[in-house]
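The following block contains the structure, expressed as structure tokens.
Order of writing sets the chain letters: A, B and C. Residues in each chain are counted from 1.
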Amino acid sequence: MIKPILTVKNLTKRYGEHTVFENINLTVNEGDTIVIIGPSGTGKSTFLRCLNLLTKPNGGQIWLDDQEITAKDVDEDQVRQHIGMVFQNFLLFNHLTALENVKLGLIHVKHMSKEAAEAKAREELARVGLAEQADHYPGQLSGGQQQRVGIARALAMDPRIMLFDEPTSALDPELIGEVLEVMRKLSFEGMTMIVVTHEMGFAREVADRIVFMEKGQIVEEGTPDQLFYHPQHERTREFLWKITELYGKKEKEA
Amino acid sequence: MEWFQLLQRFFGDFMQGAGVTLELTAVGLLIGFVLGLALALAKTFGAPGVSKFATGYIELFRGTPLLVQLFLIYYGLPSLGLTLSQTLSAYLALGLNSAAYQAEYLRGAIQAIGDAQMMAGRSIGLSRWQTIRLVILPQALRLALPAWSNEPISLLKTTAVVFLIAVQDLMAKAKRAATTTYNPIGSYIAVAVIYLVMVFILDALLKWLERKTKIPGLETDTNPA
Amino acid sequence: MDIGRFFQYIASGTAYTLGVTLIALPSGLILGMLFAFLAVYAGKIATRFFSIYSTIMRGIPPIVLLFILYFLMSGAINLTPFWAGSVSLGIISSAYQMEIFRGAILSVSADQMMAARAIGLSKIQAIRTVIFPQMIRIAIPGWSNEAAIVIKDSSLVYAIGVPEILRRAQLISASTQQPFLAYTTAAFIYFTLVFITNRLLNRAEQKLTIPSNP
């Protein structure tokens, strides 16, 4: 039986007068990979940040499994460890080695012993192919390696769901592949993920559903085939055409 | 080289005074660091009222001469029923004053590390205070170090006014040497040399500390040459 | 003594405080800027000399330097404490201002000098028309800070007997037994002077900013 992991109902976010998005509804089932696309400034990052309460929504509700995490008495820190997040600019803890980056949450949030945390952190780094780089500081790693540490750091908390906010858009073209590869593997292993990205090859191959957001609204959502070959809205078609054009060019150059 | 003969004659006296000067610097620096860190955190992460208070404190203490603060504490507080010894007054004035400057160095670094790292810390379930303690401060303190290194030296020089409330620091000894020998210029040059030596040693120490706390790839040099 | 005259007595020291500042700051500016350009452009020996000058002057507490310079000057040319104090503070400030300007000159990139020379400007012309206008903008925040320091350091001439704000506060607190009020008043005046100076220089900085896209 299919079970929703994340349910979003009428989610609304404003900054003062400015409404970023209004009445967003979304259901994410166990094992789903959802790709969100849309022009910049549309509210995709803000939406992801609302999902793990890094930004407070102004209205609407979010359930993680059966718990309403937008309820008043919720322990946010408790919630966040179950929702992994990967950032566009990696945001590694720059004063800690790759291993220590992954260990930090295990020790201070999960209260694991030093030994257990160390073992688990090494395991997670191996999972993203960075066993060798465990003792490197972020400043000694390439962008692609840093982002993979970012993924390991989030995975180490054993999250129910992972959020990726344009995880490859700050990377040089030759480093994008290694990060997408890790994400592809995660998706096939059954991790539930929401990914904001414009890597259309990845989306087509991995996404169960693609969500097209524009100006704070979900314009259209559907399977990759539906969106690519039978878009219901003119705007979806235009946007997809624009980015595949761009993506195609990039691929040729690389 | 009359100042050199003066230095020889009053050497013991000067060393005693230099000891007091170093004590004043150390105590002022310590009070200033603890209070300054609290002010910097209050200013960056505090509720609006708390943050305003911290800003006001910093502006007030940076906007008035230390000498006035010293006199206000030593001569002024007794009329409010709080009488402090000369040494305690000097400690307090130097500490309260240095706190304002240290708060600014630290705040700059905390803000530079700022929101992004806070978000990263909170995203794995660390609390606000945990993130400040485990993620932001370890980076901010390193980042602040090159700029902060000015403060110990600056404070050491600043202590030289406390002889005006008769604390027996190096300057007080110089004044005594000046009156007993009728040679003010020689006396003050002699202690100027001692101050210079202390500043050089302190500077070397701080440079060493900076090298020791450096993390590979973490750029802490905010003013590259 | 009535309260109005109390405040007035302390406030009348402001003239001396301002006088000291308005002598010290510009003389420090002229010397500091001259030294900075010499240190950067006048060859190895000048660089070495001014680096030693700066290290020594900035390594000694201002009050110690003030005493040395004051006794040197009043012994040699018999200046009044006001003038000796003001000039001394100016000389002290010159070392700090030199560092501000030297840093600013160096941060206008060397490429700018090359580009200027490439279109045929002489070294002096290049400094005047290309380096100087850029350097001065970079230097303003640091200089603004130094201006506040000179205002506050003007209180040091208290120690050589100039009847500025702090000295007057001390005199009147002795005669009225109101030390807290007297020193608070003094603090308030200094604060106002520093505050106004900062505001004015901030405005100058904004006016001089070269437009660019964020």
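Operating definition for what follows: a residue touches a chain if its C-beta (ideal position, glycine included) is under 8 Å from a C-beta of that chain, and two chains touch if they have at least 3 such contacts.
These numbers were taken from a predicted model, which means no experiment stands behind them.
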Pairwise touch network: line, ring, star, complete, or other: line
Geometric centre: closest chain by C-alpha means: B
Between chain B and chain A, distance of the C-alpha-averaged centres to the nearest whole Å: 45
Euclidean distance of C-alpha centroids - chain B vs chain C, Å: 21
Whole-Å gap between the CA centroids of chain A and chain C: 54
In chain B, residues with contacts to at least two other chains: none
Set of chain C residues in contact with two or more other chains: none
Contacting residues of chain C [partner chain B, same complex]: 56, 59-65, 67-68, 71-72, 75, 103, 106, 148, 152-153, 155-156, 158-159, 166, 169-170, 173, 177-180, 182-184, 186-187, 190-191, 194-195
Touching residues on chain B, where the partner in the complex is chain C: 60, 62-69, 71-72, 75-80, 156-161, 164, 171, 174, 184-185, 188-189, 191-192, 195-196, 199-200, 223, 225
List of chain B residues in touch with chain A within their complex: 116-117, 119-127, 130, 134-135, 138-139, 142, 215-219
Complex contacts: residues of chain A adjacent to chain B: 49, 52, 54, 76-81, 83-85, 87, 89, 91-95, 104-105, 108-109, 137-140, 153-154, 157
